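Here chain A shows up in two complexes: once beside chain B, once beside chain C.
And now, the complex of A and B:
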């Protein structure tokens, strides 16, 4: 084990130690909530990135997967008393099914057409949810939204009175999705995806089954996104179609991932945490001054990052990271933008 | 209504056809035009339709500026990328900026330019139609036809079309690409202004009004064929008809779902749209 590897492991241990000890220092529930939301958004951006970042597809309709995951889980919980711990896998499975159903026809569309199709599907699903009061034995709630049945402090039902368990849960989810991203990027499928990102026809000519590669990656992405939706539902305890399936949900994931650096393992994490933290801070300080000011600033930040740092802020961090490891800027590294 | 969809889609299709950018800020720009138009009307009290002369040049300059300052650098940086996703995201982020700028400056109220036109009706061979909507239809058709003639028969129109057909060849022929793009963006925005102004007398303005029209404009553009001028207009009228006929038989929300379904069907069956070129997508 050389020095570079030791430094890498050291860095991971330090970051994890800081992350694990945050609830010891931060005790106000509001701050814990904000930090948890940062982690959740980092998680969602990473889930989006699993397919869209690695394969270079612009999906602007990922909100349907958070919605399907959350709604299926919560409906099973509210009406059949099935614990969200189990229900979330049903929600994830439903999202995978949906993603495959959507994927079959849409994956032959290229670039802008694919993006437009996802916009249309996303809006369509949101309208459908808003106008469905009941579905068979389930209560859906339509535009009123769906309230998660309160159980008190019930870990078996994924409900806690304190915010701290949610924080650790979000952290665990984030670690899982990052490890998964790392594995995916260096797997055979990951190589397929980066090949078809560069040139779909060339990838197909080399014998890659482009559609299958996309379907599998999209299924992973949908599953993780759906689990994120379940977590969101359990944290907020209220499902509003506009918030969980609306364009803001779908677009936010994309912004965070792109600002951080799409197609990289750590980019969406960095983007999710920093950008969401910034947006919370400006919302806290500026929302009283003028309506919409915080979103205005937020939009400007996204615009400027896309204009001046199209590789994402991970690109800046990469330089410091390389210097820390003592390797040259263009050195071999798994999190580098490839 | 359909003709207005067409007019909005016309600007979108122009921008796409020439720059290969899907402009997600289109709805926000429509809203800005409506806002600017409304406030000029409010303070001057002139006939709303006359305001096209004032607002259209303002919005043309604004569109030109947006393209020059924000979109061009990103477009240049992504010259070699086949599908400029960053530009799409940039326009989506710009949409957020514009919407919230409007929210800050103009507030969240629903406003409408109520004039004598608003409630007037016109009898056309036994059918009574709302005057504002009738004028909107006429203006939309006239402007669209004028725009079509402009594209076909003027030097600038030829230049725009040349850039749309083959950017590199057009550059080799001595066309100033970036300038043409900026003009195209400006014209697209100015066309929007016309739609915005004819909407003013009978449609409420608020900071998120753009979203209502933007998704539909996308659908219309794809239906008509991305980059096609007659396609945009016809597509707009088709979508308008589906909506108003559908509204007779089912709830408004179901109609929306039907419109989305029609859109997806077209994407899958004939992505090039009704008038689309045979380019591979």
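And now, the complex of A and C:
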């Protein structure tokens, strides 16, 4: 094992050790909750990135998948007492199905069709939920939203009294999506995705089944996003159509991934954690000044980062990372972070 | 005794409502080098895109040996051995030379022979071997064209369709690229060559078609075409 390898492993160990010990130092539930939300947003941005970042496709409607994942899981739990641990797979499967239904016709076409379809279907799904009180045997709750049936401390039903288990769950989910991103990026499919991101026609002319590659990656992305929706539901214990399916949810995933560095493994993680932390701070200090001021400031930050660092914050970190490893800036080992 | 490899019958295609290729028929026999020459905007690129399935045929038929291929998706068409080197090279700029070559052999038929084909390409194009780990965007125009051709060879073409391989290259490099095409043809690969550089294209072709406004205006052996007075005037500047 060479020195670069050792340094990399050392860095991972240190970051994981810090992450694992945070609940030992941060004991106020409110702060644990905020940090958990940072991890969740990092997870959601990474899930969006699995398809949209790696394949260069714009989805402005990933809130569809958080919503479908969460609603299916919670309805199964509320009305049939099926544990969210199991229900989440049904929610994930529903998201995969929906993603394929959107992708199948639109991936055949070039241009903005996919992005437009995600916007249209995204707002459609929200309005649909808002106007559905019941669906067969299920209570949906319409615009009032859906309350998660409370069970006290019930780990088998993904419910905890303390915030700490949620924190560790979010951390585990984030680690899983990062490892999956890394695997995907270095897989054959990842190779095809970066080719079609570059030049779709050239990729197709070389025999890559462009539509299939997109469908598979979009399905992965939808599944991971849906699981994020389930986690959100269990943490907040209340599903509001606007919050879980609305444009804020969908846009936020895009902002975080792009500001962090879309199409890279760690960009969305960095974007999700830092930007969400910033937004919490802004909200804390500015939300009582003028209505919407915190959103305005947040928007400005997003615009500035995109203007001055179009490759994302990860681009800055990459430089320090390479220096730490002792390799040149255009180092031979860029793939490990990007 | 000619063996038909590719035959196109009364083909129409275009972009949306815009008709570009109009009632076009042509044939390419096994082992031939066939040129399609014509002015800028005649529809040469559109024709190749239609053959490789990147845009749909609105009517007419395209046959590869005894299989009808219009309506097949692009990856099925490449799997048959119809490989298209697109106009403007379109090398993947962030991929290394090696990765660019690998992505040319993703179809099952070519994947099995990947190692052998890599050796073949590096032998044929030693310049690429030297630059194996360099990214595509750092290559010169001529090297990028070689890479685009090498990448296509990785897919084990039974017919190689080249869209203006000489475009934007210096005269010396144009020479090199045409020699490369000659070499490939001599190894038995059928070539369908699209060119604006009519003189050079005719030199290495067996037969040629002249494309005007989306239709064939003239066809014949390369010699017949180069001696045609209209062609001489319009395309050879004589």
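Definition applied: the second predicted complex is superposed on the first by the 330 of 338 C-alpha atoms of A that agree within 3 Å, B and C clash if a C-alpha of one lies under 4 Å from a C-alpha of the other, contacts with A are read in each partner's own complex, and residues count from 1 in each chain.
Here is the rule we use: contacts are C-beta pairs under 8 Å (C-beta built on N, C-alpha and C of every residue); 3 or more make two chains touch, one makes a residue touch a chain.
Note that this is a predicted model, so its numbers are computed, not measured.
Q: Could you tell me whether chain B and chain C fit or clash when both sit on chain A in the superposition?
A: The answer is fit.
Q: By the touch definition at the top of the document, which applies to A:194: first (chain B), second (chain C), both, or neither?
A: second
Q: Does the superposition put A:99 against chain B (first), chain C (second), both, or neither?
A: neither
Q: According to the stated criteria, A:47 is in contact with first (chain B), second (chain C), both, or neither; which is it?
A: neither
Q: Going by the contact rule set out at the top, does A:36 touch chain B (first), chain C (second), both, or neither?
A: neither
Q: As a test of reading the superposition: which chain, chain B or chain C, is in touch with more residues of chain A?
A: B
Q: Roughly how many degrees, to the nearest 10, is the angle at chain A when you join its Cα centre to the Cα centres of chain B and chain C?
A: The angle comes out at 70 degrees.
Q: Have a look at where A:209 lands relative to chain B and chain C in the superposition and call it first, second, both or neither.
A: In the superposition, A:209 contacts chain C only.
Q: Is A:181 touching the first partner chain B, the second partner chain C, both, or neither of them?
A: neither
Q: Between chain B (first) and chain C (second), which, if any, makes contact with A:123: first, second, both or neither?
A: In the superposed model, A:123 contacts chain B only, not chain C.
Q: Between chain B and chain C, what is the shortest CA distance in the superposition, whole Å?
A: 5
Q: Considering each complex separately, which residues of chain A are in contact with chain B in the first and with chain C in the second?
A: Touching chain B in the first complex and chain C in the second, residues 199 of chain A appear in both lists.
Q: Contact residues on chain C for chain A in the complex?
A: Against chain A, chain C makes touches at 49, 52-54, 73-75, 78-79, 83-84, 86, 90, 92-95, 99, 102-104, 106-107, 110, 151-152, 155.
Q: Could you please specify the touching residues of chain A with respect to chain B in the complex?
A: Chain A residues touching chain B: 56, 58, 60, 105-106, 109-113, 115-117, 119-121, 123-124, 127-128, 130-131, 199, 247, 251, 254-255, 258, 290-293, 295-296, 298-300, 302-303, 306-307, 310.
Q: Could you list, by residue number, the parts of chain B that touch chain A in their complex?
A: 16, 20, 22, 70, 73-74, 77-78, 82-83, 85-86, 88-90, 92-97, 99-104, 107-108, 207, 211, 215, 218-219, 222, 226, 251, 253-254, 256-257, 260-261, 263-264, 267-268, 271, 281
Q: For the complex, give me every residue of chain A touching chain C.
A: 188, 191-192, 194-195, 198-199, 201-211
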